[in-house]
Amino acid sequence: MKTAGCDIGSRTAKAVIFENNTIVSSAVIPAKLDPVESSETVIQMALDHAKLKMENIDTIVGTGYGQQEIPFAHRLESEIVCHAKGAWWNIPSARMIIDIGGQDSKAIKIDQNGRVIRYTYNDKCASGTGRFLEIMADALHVELNEMGKIGKTFKEKLNISNQCVIFAETEVVSLINEEKEVADILNALHISLANRVASLARSLTIEQDIIMTGGVAKNIGVFDALSDGIGFPVKGLDGIDPQINGALGAAIIASEG
Amino acid sequence: MRPELKEYNLDWLFASTFSVAKNLGKSSPDELEYVYKYIPYVRPLLKPVLETGKPALTFLDLFGDYYTDIVNAKENGKKVVMTTFCFDPCIFYAVENLLPVTLEIGTALTSLAWKRGSTDFMDYCTEIGFSETGCSSQRGAMGAYLAGLGAQIDLVALNMGGVCDTNANAYNFAAQYLDVPYYGLDYPSELTSDEAREYHHKDYRNLVRFIEEHTNCQFDIDRLRDVLEEKRKQDDLMNEIEDMQRLVPNPVPGIYHIMIYAARYTYSGKKKFTKMLEEMVEIVRENVKKGLSGLRNGVEKNRSFLVYIDNYSYGVALYEWFEKKGISHLGNILSRTFAETAPYTTGIPGTAYRIDTTNFDTMIDTLADINARMPMTRTIRGSYDAPNMWLDDTLSLAKIYGADSCIYLGTPGCRNTWSNIKLLARDLESFGYPTFIAYGDSFDSRVETWETSEMRFEEFYKIRGLL
Amino acid sequence: MSIAAGVDVGSLSTKAVIIKSNKIIGFAIIKSGPKPVESANKVMEQLLNQTGIVQNDIKRAVGTGYGREKITFIDNAISEISCHAKGAQFFVSSARTIIDIGGQDCKVIKLDQDGNIIKFITNDKCASGTGRFLDVMAQVMNIDVSELGKLSQKSTKPISFASICTVWAQADVIKHINSRRPAEDICAGINAAMANRVSMMTNAIKVEKDICMTGGVAKNQGVVKALSSILGCKIKRIKKADPQLIGAIGAALFAQEKI
Amino acid sequence: MNNVFLEAATNLENASIKKWKEKGGKIVGYTCSFLPVEIFYAADILPIRLRGIDAHSMEISDSYYGPFVCSFPKAVIQLAGSGKYDFLDGVVISNGCDTLRRMNDCWRKMGEDIKGTLPSWFYYLDVPHKPDGHAFDWYVNQLKKLIKAIEQQFDVHISDDKLKKAINTQNAVRRIIWELEKLRRETPLKITGSEAYSAIIAGTLMPVDEYKKHLIEFVSEIRSRITDFAIDKKKVFLGGSICDDFELVSLIEASDAVVVGENVCFGIRNEKDRVDENENPIKALSMKYLSASVCPRMMGWYKDRAAMIIDRVRKIKADGVILQNIRFCDLHGTENGLLERDFDKNNIPSLRIEREYGPLTETGRLKMRVDAFIEQLKSAGINPQ
């Protein structure tokens, strides 16, 4: 049976086509203003890659911020459950999933069957979210996907502490004005973001293996800093784009009927 | 503050709203629907309240009286004392020329019933120098009184020092700003020791002196006794409701908790509050006989206990959502007494209070003991995991109520609980109670929209398999 | 000839102004780059080319803005609060309260009749109420920040925004977009939220007439209207010059005084 | 700048603490100015004021404390959680405010999660919020209990004589500190704020005898100076919530200002009044330490505090006052609002700023505010007198 998962986030839309326990195809696009349009475009892309048509898909599960808006979804499932499912399917030893999304980040604790035991969101004041990096990339005039690499080349250890994203940005502006190196600032940003998220995991009491999912997992700077912040090694998904994990989880759930 | 707001006196608005509203009891459903059209902001509170029948009318009548008295305080030569919830106001009714204004209740009612809730008043407090991060529960109504849009305050008397400094700090600000006399009861971090008891008693006696000095009138022993005897009745009624709440399905309508919360911190020791409780008990008893749930649709799918306070900033959206989902509201720490007659007050000496009306001294000691055992002054003073403190109380209550899950609702202004809710939640989880921490503000809807909160609640109940 | 210059290196844009005996003879605005020194040099160079004036003709230059300390070609640096007050007073001499909403900061400044600062207050609690708030919202709405004002004028029933936190308000905006609320109503909501924030600070300083608004946001009719309705009095706007330039003009005026 | 004081004020485990440890001395940390340090000196234990300097992240403390909480106790917990306070033999937590009171809970829980982060002796001191008779008795009782606990834990005897001796030394220090304050009132101004401040902070972080010795040298060295640090500068008084990072003072002094006095958690508050040496020591200590005029935690005593602060501002001839508080500190945040109102009445220019605790990271924002305030003082030149 062929199933699909569609994850409409606040910044990107993702889709995954899934058949006999394997990923057939996937697609990621930047979210459009109209979530309906986003979902239709992204699922179509995924279908095209798989050379399939909508009517070939038996069940589609929707998730993410805009899930309510997905016209073709048969069922809806929370991101928490989807991310847990996707990561656990990929790495069965996973007991904790950390997902840094555009609007919020989550720490999720699961049992050996991939069922959610406990979860927690980032505290109010969103400096622990992917949005944080986007705003900073803006302020620093660097590409979002370049940040990790550049940050790794840091020399001086700087400190960015502010709870508030916009104030943190002001701190960055001050650092820029002190003519600090971009790489050093980026490194500080990655550490501060990672530490905010690390405290989520810690508040659930750590259990290994810890898997990091979501687009930000591609940022090597944040990824490494997260292990330091948690005090245990964090794993990435095995051979899967961490960004599609939510959609993947949805597709798997769809296949479970 | 917006110019148009400065045109209205808050007490007067309430007095007229509630006095008029109580007549709605006579109207037919169609008439009601028609009226609701014209009061879109009061509707969300009024509708579910009115649906409770008799107690609703007494509730509205009670608040009509309460605010009318405050409006006419000066003409009737009465002084107005600003006080806090978790302080038993019955002492004030034992003095014939004193009327209490309880800020948190005013804030809750404003948040529940007005357009933009009480946010303009909250912001006004910031404008005149009060810390914006301070607790919203006071900032709402306080703004109105500090702006002169309510009764003129003659003195400030409260408890909370040592339990919730943020609260005491707000009242201290009000007193300094208005330049009126201030007395705050202070609490040690322990409850049951003899020293603590002595401290409570001496501290309360100073309060009595303070009141007598600033109202220049003596406490009338008989009046005090009447008030306390009335309070005894009220305790017994509240305890009976609490007791019946243990049944499955829970026969108590969730909205009662807001009604009791609002009434007990303004009208303790007054006959109308007793009347409301009697009417509630009658209905709940009926439900018990018929084996009915307090939920409108009658089906109880989940029993949730609110480990701290309630939410008043979304109208009663949370209650309506509970109703819709079949979640039975087991109350919060504000809707119960710690009288020795309460179903959950354990035999541990000193944790509960006894009302002793033998003579003046025993009565003052009783009042001191009561105030030291108001929901907050008792529960969140010492370490959350110390004996008879937050964890103990929550676990024993959740147990006897057969709660399926626990909910924390509060305000970002609460330094006290936000400094240990993560610890409490973690322990509750380890005892098998799925626990949800809401980040919204119980009085200020700007902190988190109801839509967002609803999404989080949906998620919690769904993911944790509670429905 | 007494030519003075003012340079304002802001977090978002860098501005330069040249004045000659109280007349503005040229100005330039560029987007701030990563290094304030470069931004300052760039904007000055551009301005000199425009006006055909050479560096040496400039008798004195004052720098302001976040990057002021680093500017190489200035004689001294003065905080943007003083410069905005100075600039605003130059255009609206009756101004006693000046509201300046910058990229990272919102400032309300109270002046005496001689233009001396008596008191000022800035946003410390939270960044909502800064220009950044509007930028982020406009970005989410996929419109240019300058359109926020115009659009909001068309609104029939403005959305009231819950969250006062930039990032969370943004989440709300996205929700409203998803639920297809008309853009003009969302814009009106954003502007109202902004105005509400700023009004608190203005009232905190005990507003005195005339009120004058500077900074880029002064161009946003929606915010200005909402703000004056909350404050219950008219807000004067500077017509003779781009409100963004006031800081730089103030700096130039300070420079001129010392010549 | 006196290097001993600077070193002590800028290092968590400073040289004299290290030296004390090497000699096998015991060290106890405390969190609030309502704890009589004399009691520990009487037991030959070094009491040090807990600080949060060098806490560069909060990933540990944020998993215990909630988000809407002052960053000072969070910073302390973070440091303790990362082993930076392992040198402590004990800690006394007291109910300075809600958040500090809850440090008791958070630290104990962290101790369960991260082994070795909870000191072997962890004590809670319950301080009343008023100086009235029954509160005073309570406090006396608390001090007696504390003394017993110390005697048991550290196997020492705290005799009245030892207490009296400790009181005597501490009073001597208070006298010198007060001379320092008086020096800062003089023209020419011979001492900068950051110098004075590092000296004052150091007093809570090194053995009292050592401190006294350095302090005496320091004061006489200042007397011998001829420089005037106030030339072309505005005199600023610093008030508000906890502030032990003198980077803030340096930041203020970097913009044409000199800090001439402070009324903050660390720092000179009412050193003028001393512990009565003719009284029973514990009673005397209680009378001094349960003073209503030092901290907004003593509700209902604002007027006394305001009067005391305004008097000091006047005597020290400050041109203006900077009132700072850590975000989420309601007690000081609110009191700063009241003070601002009273300063206006007395036309003393004031600036209110709110900030995060710890390594100064908001320099850009803070500097802009401070610069503007100094420019305001210059342009107006209002004289508080």
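The chains carry the letters A, B, C and D, assigned in the order they are written, with residues numbered from 1 in each.
As a convention for this text, contacts are C-beta pairs under 8 Å (C-beta built on N, C-alpha and C of every residue); 3 or more make two chains touch, one makes a residue touch a chain.
Just so we're clear, the structure is a prediction, and the values are computed from it rather than from any experiment.
Take chain A out and leave the rest in place: which chains still touch each other in groups?
one piece
Spelling it out: a chain qualifies if it touches chain B and also touches chain D; which chains qualify?
Both chain B and chain D are touched by A, C, going by the contact rule given at the top.
Of the chain pairs A-B and C-D, which one is connected by the greater count of C-beta contacts?
Of A-B and C-D, it is C-D that has more C-beta pairs in contact.
Mind checking the centre-to-centre distance between chain C and chain D? Centres are C-alpha means, answer in whole Å.
Centres of chain C and chain D (C-alpha means) sit 39 Å apart.
Using mean CA coordinates as chain centres, what's the chain A-chain C distance in Å?
Those two chain centres are 36 Å apart.
Please compute the C-alpha centroid of chain A, do the same for chain D, then give the distance between them in whole Å.
Averaging C-alpha atoms per chain gives centres 44 Å apart.
Counting only residues that touch at least 2 other chains, which ones in chain A make the list?
Residues 123-125, 167, 170, 173-174, 177, 203, 205 of chain A touch two or more partner chains.
Listing for chain C: what residues touch at least two other chains?
66, 104-105, 125, 168, 171, 175
Of all residues in chain B, which are in touch with two or more distinct other chains?
128-129, 132-133, 412, 422, 439, 447-448 - these are the residues of chain B that touch more than one other chain.
Could you tell me which shape the graph of touching chains takes: line, ring, star, complete or other?
Topology of the interface graph: complete, with all chain pairs in contact.
Chain D touches which residues of chain B in the complex?
128-135, 161-162, 164-166, 168-173, 175-177, 182-184, 186, 188-190, 195, 198-199, 202-203, 206, 383-385, 412-423, 439
Please name which positions on chain A make contact with chain D in the complex.
Against chain D, chain A makes touches at 123-125, 159-163, 167, 170-171, 173-174, 177, 191-192, 195-196, 198-200, 202-203, 205, 229-230.
Name, in rising order, each residue of chain B that touches chain C in their complex.
Contact set of chain B toward chain C: 1-3, 116, 123-124, 126-129, 132-133, 445-449, 451-452.
Where on chain D is chain A touching in the complex?
Going through chain D, the ones touching chain A are 56-64, 66-68, 71, 113, 327, 356, 358-359, 361-365.
In the complex of these two chains, what residues of chain C are touching chain A?
By the definition above, chain C touches chain A via 9, 11, 33-37, 66-67, 69-70, 104-105, 126-128, 130, 132-133, 136, 141-142, 165-168, 170-171, 174-175, 177-178.
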